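For reference, the structures are reproduced in the following blocks.
One chain, chain A, links the two complexes that follow: it is found with chain B in the first and with chain C in the second.
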Partner chain A sequence: MTTITRPTEVEAQRQDAPRPRRRRWLGSSPLGLLFTAPYLIFICAIFAYPIVFAVWMSFQDYFFSAPGVEVDRPFVGFDNYIAVLQDPAVWQSFRNVGVFLIINVPLTVVLSIVLASALNRVVHARAFLRVSYYVPYVAASVAVVGVWLFLFSGGGLVNNVLGDLAPVPSWLINSQLAMPVIALFVTWKQLGFYILLYLAALQNVPKELYESAATDGAGGVRTFFSVTVPGVRPATLLVLLISTITGANLFTEPYLLTGGGGPNGASASPVLLMYQKGIEQGNPDVASAIGVILIICVLIIAFIQRRLVRDEES
Partner chain B sequence: MIRFGMVLRYILLLLGALVFLFPFYYMVVGSLQATPDSSPAGAFPAPGNLTLDNYVAVNERINLLQGLVNSGIFTGGVLLGTVVFGLLAGYALAVLSFRGRGTIFALVLLVQVIPFQLLMIPLYVMIARNYGLSDNYLGMILPFFISSVAVLIFRQYFLQLPKDLFNAARIDGASELRILWSVAIPLVRPALLTVVLLTFIGPWNEFLWPFLITKEASMQPLAVSLANYISSIAASTANPFGSLLAGAVVLAVPVVVLLIIFQRQFVSNDIGSGVKG
Partner chain C sequence: MRRGMTIGILAAATAVALVGCSGGGGGGDARTKGPITIWYSNNEAEIAWGKQMVEAWNADNPDEQVKAQEIPAGDSSEEVISAAITAGNAPCLIFNTSPAAVPQFEKQGGLVSLSDFEDGDDYITSRTGDLAEQYASADGAYFQMPWKSNPVMIFYNKDLFAKAGLDADSPKLSTYDEFLTASRAIVDSGAAKYAIHPAPTSEFFQSWFDFYPLYAAETEGTQLVEDGKATFDSDEGEAVSELWRTMYEENLAGQEQYQGDSFLDGEAAMAIVGPWAIAVYGDDVNWGAVPVPTSEGTDAAETYTFSDAKNIGLYSACKNQQTAWDVLKFATSEEQDGKLLELTGQMPLRSDLTTVYPDYFADNPAYTVFGDQASRTVEVPNVANSVEIWQNFRDGYSKAVIFGEGDIPAFLKDTAAKIDTLASAN
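Up next, the complex of A and B:
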């Protein structure tokens, strides 16, 4: 508090030469360090250290022990990774999440951009419509899963409406349909958030572009593709990234909606396997190895998405 | 032609809204049915088939009040940490200039894209095994203690305040703490509400982490005890879907009510700018 003596200093910090040494080293308001210290400690303890710990663990023969007990946990190189890659259940879970992403990500981008640009232009019932789209996003997955179980169960409303068209075996116990139903569920559940992001992005598209498109005689569809879509490209990149990460994080839905990744592992996700192997079966080293592989996959996908969206721009 | 487009837009949006709202309507209807009716007619409440028994039934198996209290303590702890320390960090990043500010801001952005699944196992080992904080509120709260999204939103709001305001206060001899408390915070009160609402949703709905760390039923947030009910107990009750949906209504109602009351605070620009940094 005593470090700030002159009000002009914030602007003039670079110019005025004779300054106390401490200030040159810490910046003009070292108090900022104090203010950010709790957050910084939090990040180190909850993000930085655990990440390093996870990678380290994946190269050890790591097992649970009572707190404070010194046990020997040998370095085993890539053994955990080899075990993971030889496990057909792991391959299946990655295939499942691939199916999930192929359905969920494009559907999310298309629906949220279309609904957001439609919402952006309505005048009446604006508040009602927006709130309707946000409700699934703010409600707890666990609660919403309950009603989907009811809707999509064997004798549920969906099958009753479909009558003879109902799939056999029913949705959630059908190995072909379990994963697509989960993908639809998550798309529906999260869409409100992405609509919110696109609505924010749409405010930044210059109005003049729409006006000149209108003077040029472009129709609604044409304007959408040549003004709106390019105008919100940064948001699209963000939506792609977040929906991919959310998809890779899939756990609650296969755990509850299909009773632990059923039928027969057809809807198991990598995170579900991490839970089963790491915590239920007590192999945190193997689970960490799955986690590291998963993150590498997500990074590769994110990199490709970034490239694709960027290329389109140039 | 323009009229036609407008009508079409409204039809599309209303149909969409129906798809988004119907499951919630159906959740409430289903939770009130004495015998589950999954025929199309069952989607409408039948006067003879209405009961509150399902709420009683689910409350006998899982203590709804205890679950709500646990969810409340978990959420309250996260809100406290986020509002106090998140605000301080956001303020410092926006207003104060100090060494390492750029690095810390980069960290805030980086943290947004780190998925929880990589942290799940090491955090479980650390918090549950090494520190013995399983079945403990502190253990539940710790990984979510300061929301990074909140830091970004706070920073964004403080950036929008005119610099002259702070300079004027400094000329008057106000200390940095005093400027923060009597000048900056009163001006960002709307942001405070937005952050509280957004942060509330996270821990209230969080399932995976409290599920990993609580085994004792009396410590479980409602989302966890309801999930356990769905996956194991529900089948053994008289009306499994009815009681399950009754629990779901209790879990979902607080957040949905908050959304409806404070819908203006879910303003897209604030949240969008927060997420975009």
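Up next, the complex of A and C:
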């Protein structure tokens, strides 16, 4: 017969005392912290610290200086924000990126979900088609921009095809058309990535739902809207968020495609202005203020998108 | 207790970080000698010059060896240099320092005043003469060594001029009327799509190759900003702007950026470039060069233009600054300037250029006109917010002149007001 000796209550308390505290700090699986630590450090170093630093810079009269050089960087309150909000070029850049998002985001969602659904059904040459859509995404922007310049420049292929119908001034120097062309370019270039997201999401839509819809006599279009679209709603939210965030960070395309945000700033984006003011002109404080405003705008848009998609879901 | 420890660790980490930052490159003793590092431009001709210069120095100075490398790749040299200053790892000398960026580098504390060397001012002024004044900072000190210029002129394609029925050997391009007449003849005859095609894009430096050379010529050597005030809100500024606006309005100059070299490709019959282009165009284009036009026409021997200079900066992160200064003087000596001329075709900023190297100009007559032009160049103003000033100018110019929106007097007045504010700021 085995006798079990129970520790006294006091002993038990003594033994258990450090546990809740340790648990509170380290969680129930301390080893997990070890595994996540590299990524947490990465996030802190690459994202969190620069954002906090940028917010701090935006309230100072800040400029980059050589180490060891004593410089005065006084707190200036909202002066940088006031300067930014009084600058017509900044307002124009936010309007430009607004136009970009209005074209790019819906187009990205619609095209990627439709093409992903079509690709999901394709039997022949599936791998080839998937790779084909993905190639522009992985290709260097500089190289791809060259192709679009060839297409949309004044004497380019598109204008040659259009003949007398070609716009005057031409696409990339037309203040009404420059930003839409950039939006189309970015949509086309990024499409492969979003198609991939939707293809992954489509694998999780239960096949029974499609069978039930077919049994009920639903056609292709009806099935798409009643089964596919609701079935990939989490992916849609992700696509909306990512395309909004990457779109708000637009830089390379106006920098290369329209020669630095031309014509007359019609395709300048806030990030392009941040580059000009922060890096070229040595005013990182003003550039940071633009960046902080941009972050706030993106967060508001993302919040609204999340609420809208969630409301539909509920 | 634990909280106290955590705070202690954080404080220690912060202190270590701060000490690390401040010790990174706080500059060295101006009298110290020893090995140094230099950067030079990454074009083939300047690499060849840089290598032979370093070899020559190292052979005679075993205790003060120079390690050289091309300037690291980046969107622009200025961004790379600015980042290096901030990081505290700039080399001792950079043989590719843009005068427009010098005020910013100076503000960053990244440059050493060459005037602080005993023979600093004397050496600079004796080599460069009166032109050196344009490179002095507001306090009169030199934070850059005027090194070489690429005085820009009108290059024209003789074959396309002949095709347009123009005199290819001595074309009439000295007045605005003549320039417009020739331009119209080129485009109307179909000899080229455009008469001239300066980059119409929005980068801050593009005005150095359309408005500024003509403005320098029209004003007989006035900088964009002088005595803290914009100078271009004037009859001369208006005349230059009107000429270019007419060029764009009549489609004699292209509003859209060209992918490649429009002059080399025959897309345009003229270009505004410096002597570096001679080696580039070589035998591919049958070219000639004339000074930029003025409204009434100016004698070639009196015409000013933009210098397109690149200078040498001595950076504060340098530990052996005396060696750096000695290398700088060696690299700008009469012998090394001669080699620079020979290997790159770029003009050393010497007051006695054509008389010091008569053999070179006799053997290379194509460069003679540039050698002569080098003595009448205008630099970008050495003022605070230089890049921002040029960006403001470019934005206004792009709108009013290239795309013809609004009237030119308003552009000149509004932009001058903005630039006055920027130039007067610290």
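Keep in mind that, in the parts below, the second predicted complex is superposed on the first by the 272 of 314 C-alpha atoms of A that agree within 3 Å, B and C clash if a C-alpha of one lies under 4 Å from a C-alpha of the other, contacts with A are read in each partner's own complex, and residues count from 1 in each chain.
The rule is simple: a contact is a pair of C-beta atoms (placed from the backbone, for glycine too) under 8 Å apart; a residue touches a chain by one contact, two chains touch by 3 or more.
Because the structure is predicted, anything quoted here is derived from the model rather than measured.
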In the superposed model built on chain A, check whether chain B and chain C fit or clash. clash
Touching partner for A:Phe64 - first (chain B), second (chain C), both, neither: both
Going by the contact rule set out at the top, does A:Leu149 touch chain B (first), chain C (second), both, or neither? both
According to the stated criteria, A:Ala89 is in contact with first (chain B), second (chain C), both, or neither; which is it? second
Would you check which partner chain A:Phe78 touches, where first means chain B only, second means chain C only, and both and neither mean what they say? neither
Just to be sure I read the superposition right, which of the two partners does A:Gly282 touch: chain B = first, chain C = second, or both, or neither? second
Of the two partner chains, chain B (first) and chain C (second), which one does A:Ser170 touch, if any: first, second, both, or neither? second
Touching A:Phe303, do we find chain B (first), chain C (second), both, or neither? neither
Identify the partner contact of A:Phe225: answer first if only chain B is touched, second if only chain C is, both if each is, neither if none is. neither
Using the superposition on chain A described above, determine whether A:Gly262 touches chain B (first), chain C (second), both, or neither. second
Go through chain A and flag every residue that touches chain B in one model and chain C in the other. 64-65, 67, 146, 149-150, 153, 259-260, 279
Flag every residue of chain A that touches chain C in the complex, lowest number first. 63-69, 71, 89, 146, 149-150, 153-154, 169-170, 172-173, 259-265, 268, 276-277, 279-283
The residues of chain B that touch chain A in their complex are 5, 9-10, 12-14, 16-17, 19-21, 23-24, 26-27, 30, 36, 38-40, 42-43, 85-86, 88-89, 91-93, 96-101, 104, 107-108, 111, 113-126, 129-132, 142-143, 145-146, 151, 163, 166-168, 170-171, 175-177, 201, 204-205, 207-208, 212, 223-224, 226-227, 230-231, 241, 244-245, 247-249, 251-252, 255-256, 258-260, 263, 266, 268-269, 271-273, 275-276
Applying the document's contact rule, which stretches of chain C touch chain A when the two form their complex? 21-27, 76, 78-79, 82, 85-88, 90, 104, 107-110, 199-204, 254-257, 259, 316-317, 385, 387-388, 391, 395, 398-399, 402-403, 405
Please name which positions on chain A make contact with chain B in the complex. 1, 4, 7-8, 10, 13, 25-33, 35-36, 38-40, 42-43, 46-47, 49-51, 53-54, 57, 64-65, 67, 115, 118-119, 121-122, 124, 127-136, 138-151, 153, 155-157, 160-161, 188, 191-192, 196-197, 199-201, 203, 220, 234-235, 238, 241, 245, 248-249, 251-252, 255-256, 259-260, 270-271, 274-275, 278-279, 284, 287-288, 291-292, 294-295, 298, 302
